[in-house]
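I'd like to ask you about the structure that follows.
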Amino acid sequence: MTESLGVGLVGYAFMGAAHSQAWRTAPHAFDLPLRPVLAALCGRDQAAAEAAARRYGFAAVETDWHALLDRDDVQLIDVCTPGDSHAEISVAALEAGKHVLCEKPLANTVAEAEAMAAAAGRAQARGVRSMVGFNYRRVPALALARDLIAGGRVGEIRHVRASYLQDWLADPAFPLTWRLQKEHAGSGALGDLGAHVVDLAQYLTGQLIAGVSGVAATFVPERPVPGGEGRTGPVTVDDAVAFTARLETGALATFEATRFASGRKNALRIEVNGSRGSLAFDLERLNELEFCDTAGFPGTTGFPGTTADPLTQGFRRILVTEPGHPYLSAWWPPGHVLGWEHTFTHEVRDLVTAIAQGTDPEPSFADGLQVQHVLDAVAASAAQDSRWTPV
Amino acid sequence: MTESLGVGLVGYAFMGAAHSQAWRTAPHAFDLPLRPVLAALCGRDQAAAEAAARRYGFAAVETDWHALLDRDDVQLIDVCTPGDSHAEISVAALEAGKHVLCEKPLANTVAEAEAMAAAAGRAQARGVRSMVGFNYRRVPALALARDLIAGGRVGEIRHVRASYLQDWLADPAFPLTWRLQKEHAGSGALGDLGAHVVDLAQYLTGQLIAGVSGVAATFVPERPVPGGEGRTGPVTVDDAVAFTARLETGALATFEATRFASGRKNALRIEVNGSRGSLAFDLERLNELEFCDTAGFPGTTGFPGTTADPLTQGFRRILVTEPGHPYLSAWWPPGHVLGWEHTFTHEVRDLVTAIAQGTDPEPSFADGLQVQHVLDAVAASAAQDSRWTPV
Amino acid sequence: MTESLGVGLVGYAFMGAAHSQAWRTAPHAFDLPLRPVLAALCGRDQAAAEAAARRYGFAAVETDWHALLDRDDVQLIDVCTPGDSHAEISVAALEAGKHVLCEKPLANTVAEAEAMAAAAGRAQARGVRSMVGFNYRRVPALALARDLIAGGRVGEIRHVRASYLQDWLADPAFPLTWRLQKEHAGSGALGDLGAHVVDLAQYLTGQLIAGVSGVAATFVPERPVPGGEGRTGPVTVDDAVAFTARLETGALATFEATRFASGRKNALRIEVNGSRGSLAFDLERLNELEFCDTAGFPGTTGFPGTTADPLTQGFRRILVTEPGHPYLSAWWPPGHVLGWEHTFTHEVRDLVTAIAQGTDPEPSFADGLQVQHVLDAVAASAAQDSRWTPV
Amino acid sequence: MTESLGVGLVGYAFMGAAHSQAWRTAPHAFDLPLRPVLAALCGRDQAAAEAAARRYGFAAVETDWHALLDRDDVQLIDVCTPGDSHAEISVAALEAGKHVLCEKPLANTVAEAEAMAAAAGRAQARGVRSMVGFNYRRVPALALARDLIAGGRVGEIRHVRASYLQDWLADPAFPLTWRLQKEHAGSGALGDLGAHVVDLAQYLTGQLIAGVSGVAATFVPERPVPGGEGRTGPVTVDDAVAFTARLETGALATFEATRFASGRKNALRIEVNGSRGSLAFDLERLNELEFCDTAGFPGTTGFPGTTADPLTQGFRRILVTEPGHPYLSAWWPPGHVLGWEHTFTHEVRDLVTAIAQGTDPEPSFADGLQVQHVLDAVAASAAQDSRWTPV
């Protein structure tokens, strides 16, 4: 009988729902070495937490997250709260010997993220694992993109072009929620959306960002307070950021994150241009990867017969649903597409496997801290006339 | 406490896996009036069935489907077997007072389908419900398409253009599986793929097909017998079919179903052209619906300010992930896409809701029979020099 | 000094404008062995013809086409009139020793087309050349498609899927022009649009259509007479046709031509599926060819390094603007796209080259006649319950 | 009889060919108030210039551009030389009373551009006109985009996202041509490609760029000297640039220009996001404009019936070939696409019309100078740690 892994979830909104779905589904899709058990859900509002627990399938409810750390039936804490509590909960959980999956961005400040990475390092020595939830690494198309780049299929990298465009703030009447308040969210589009594209750019290329130059804007500085009877309050985070960057090897990169791109609902787009080819991805077409192979498979030369025949060159639309594609053998026949929520199921698979094997899952808290350093450099540059800021 | 609905699943291959995922997921995504319980899975190979039951989460195993009918903890039989056993199992189940969800095509022959529809009619009088699994009706983009057509947004229908293109038989070395044998599968691309597009064409337009003219081909007549040490056997079904049709009101329609369209993995495409606009859909981009509005909202006239301004007219790509779109309020924020498997989850939701409310779910066995009549007419026409054949 | 080739143009509407543009442009883009001279334009309305001659750059005007045949400065007659006069003008011109470029469809009836092909045969013996204007053969992307198919890159052909969709008749208030009258146009969508896709299907595959089964419809049977003060008259041609077909080697084909596909402006689409790959084209994106290579270059085996690596397979969008692509070396650098009118310029280049070299240009009048036979078979089948009709 | 306008062309390479095509074609497509005459072509190599004159249709040849200024049959000088001679030729021509069309970028330095703008100002007082060849303003889809923005259809502008991606330098073996030498080209991707997107961003939005922060890279610093028997020389211009910017009203903009984006042949892309909608364009699909209308036509409210119905919202692909679209009434029926070269034909139309009407054509030399200021600011910022640099 497979050993169980009790999960204690903190936070039960959007991310809590998505994580729960993954914890429930992963063992039915994959052969997991540990059997996840939805042990307890934690939320401060008892009634709401109980309703969520019923909906998501959790066996118990706590209203104080500290209580989760005392439960013997919980071996892993899944942190789905706003960013301002990530550090406190995660550090305490790791010190209590619980594995931790923490949503991104890792923290609201570099200082918090450093504390978390340090705690993760100490915990690791005791066999306690931690992972930050950059779920888009587990989009099969992006995992394939990384494999192709690592295999030399795009050659030496020249350009990365990344943007994450949403539009839910385009309407000035949208209310002033916690995501628009610096004390809760840390930053706006930068941390929420920019964190994803920074992580992906580094993950896909296998290179770190060496320096940045950024600009930021808050287009709508005041918004209605929810339940405020017409009162408004100040938006204290960025509505949008844009920044240029250089990777370690000198490639140029451009980044943009915004909640004001009317008509773009969840357009995380990333393109990588190299000396041998290019890759392009759009999250709104999650099952597709575009690949243009301009120089052929490394080690082959000339054409025809190779992938580089110039007369038939072009961006090919790979439907990433073949059994040989990352994560796909667990799912459906070719052409039967996956959804956004599958990224979390894949995350759970990899995390549970790492825990069982006693290895460190990726991305680590250290990876999350490094992304935080990049975001911090962007904010610093934006505050200082876009001055080039090394990471 | 919500009453439970015990599910007995017959067949545990591709469709069994997809249905199980739906039964497990639906109650966590939707507020269901009955709580599905995965009571028992039935398969002739005890060991394989037990492995499947563990993987899919079923509580018990049977090796004879008759045994499912005797179980008090089973109120619904989910038929996921090849087409040659649909009729026997479904009729027996209905007569035993079990609700039935039967995979498509309803049956291998019109005679079987008639028997099933008759049994469904008798059962209905006793409050026993039945549904045939044309799951693509529950793609949100297609449900939206139907709503738009029903609301008059494309006007009088002139053309339907439907195809279902796959390529898994393009390789002549692909083995002779049950799907290529008439005695098990009834037909080839016609019943497997054509059934879907026939049902969709009628569902979307709200019109029946009045007559057809068909052609069929078997491109690779002999294939290797699995485990046959090099022996080959005859393919006794169609590799591909094409047919023209007229709808009740005189619209022209074209249909094609094939397993030989190299590079097309799961390309169910359907386009509807009407006097006021057009709609287009491709299952490989399941979350998108293309809509071209050429005459504006009925009742509005002229432009600008209406949707019909000719200078800004064009096929718009609707990302069908808004809360107001069919089924979407249960899922994620705008732009967070769904996958193929969600169609089954939606099917379960609608079926369970109908059972609880005492209404008849759609598509009914009678609908399945009607599709069977269309497929039969196509086969008859193809066998008789493509002669026009009324349905 | 290059010898000149005097052109006499009959008809100065849409096609006359397009042909004139080609005659003027070709010598500046290509090294032509003969120098086209726009000698005379013929139209029955003297004032209108003179205005057209000025606009198009013709040196002289005639109001009777017979006069063109007497002119020594005219060596080629370019027939851009409605279909009902193609035969008379072309036959007379050929007999007068003038080369002929005749717009498609070759004629309104098979009998006329036969007379024209016979005249072309007789003329050929005297070194007089003729060509029918299926201009889409000279879309670079389609010429490339033919090259790829001829080179074995898609293998054995299984399917052709062709449609030509326009929408200019969707509005019932559109007037009853000559194109809607059988006595002038011969047929409706069938001859106007269907002729193009029939020619292309055969040109691309190098195979003839062996038989067809067709349906036709006239959705709006009465339309306003132009200048008729509210009177209407009967539409005597088809608004739309659909037909299935088999090619010589047994491939299945589907065809559709319509003027009622709301939102489709000039959507000539053709897809070819073969045992080694597929090609797809859409005239609205004239500079692009989609190619999916599923089995690699003939003679190469396995992967990676070949074009057939299954993990990176997909329809690639070839931007057909490379110097090595058909016709492209005469134009602009890669990525600088061509327009619809370039097809005529390429037609002129090939025709002038053939005349100078004393070879027969393609497509010949015999090719035009063969297309006419196919269209005739479609019409016959549509009139006889879609019965299969050999060509 | 229409008065003539004698054209003297300096430079006969790529741009000379494109301009010649436009001068020849415009009077046949449009009703021009002056009749362009290809009077004389100037090139330093007599034989090559004569060959070009024959090919392009010029009546005479000069080998010194000063001679063009003395010709009475020349009223307009068309400057198609590399950027280092733009200023000298244009200023002399204007002072000689000749109208000037000068290719972009206006000059290699701000000082030269200032001299040119000053000369243009003096000439204007004498009725002598000048225009800089930002031809992409005359892409019908972009002219439509400007109209939509000017009409309030995207509302208050939040973001501009512009890139111009080519790949012809990705191969390190590509030789060291004049375009890679600062003394001839002024800059690399910045002036060649960046100039276009800077002009377009300002043209479309009707706003100037207020400040920039830039980075630049030269990925391949040494390349083979043409005819240099293996010798290499230094690349003295940028291979790629990226910059962020703010428009006058606070909108954020990102720009990128590169010749190293493998597989992107001529991908000039620009997207504008506003408070009421968004527009997107890609030069590789020159006939299409994408428009997402999220808030409806200004002055209308709510939905349905307006363009803003949220359930049918999406980027619509407008095929910009309708008679009502900019420039289109002169060309072909809907759906018959134009090519890249048509932008020059439209440029000629507008220039000739302005000359005849005695008005100033756009974009003026002052506009060209302003773009030069932006490019200069980008270069300055890139040289100074990306520091924010006002324009």
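Labels A, B, C and D are assigned to the chains in the order they are written; within every chain, residues are numbered from 1.
Here is the rule we go by: a contact is a pair of C-beta atoms (placed from the backbone, for glycine too) under 8 Å apart; a residue touches a chain by one contact, two chains touch by 3 or more.
No experiment lies behind these values; they were computed from the predicted model shown.
For chain C, the chain whose average C-alpha position is most distant is A.
Among the pairs C-D and A-D, the greater number of C-beta contacts is found at A-D. One finds 35 Å separating the Cα centroids of chain C and chain D. Chain A and chain D, compared by their mean Cα positions, are separated by 40 Å.
The multi-chain contact residues of chain B, meaning those touching 2 or more other chains, are 264, 292, 313-315, 319.
Against chain C, the residues of chain D that register as touching in their complex are 14, 18, 20-21, 24-25, 28-29, 55-57, 166, 168, 264-267, 283-287, 319, 321, 332-342.
Listing the residues of chain B that touch chain C in their complex gives 154-155, 158-159, 161, 163, 165, 167, 170, 172, 213-215, 217, 219, 240, 242-244, 246, 250, 252-254, 256, 258, 260-264, 273-278, 292, 294-295, 313-315, 381, 385-388. Those residues of chain D that touch chain B in the complex are listed here as 144, 148, 153, 291-293, 296-297, 299-300, 304-307, 309-319, 322, 324-325.
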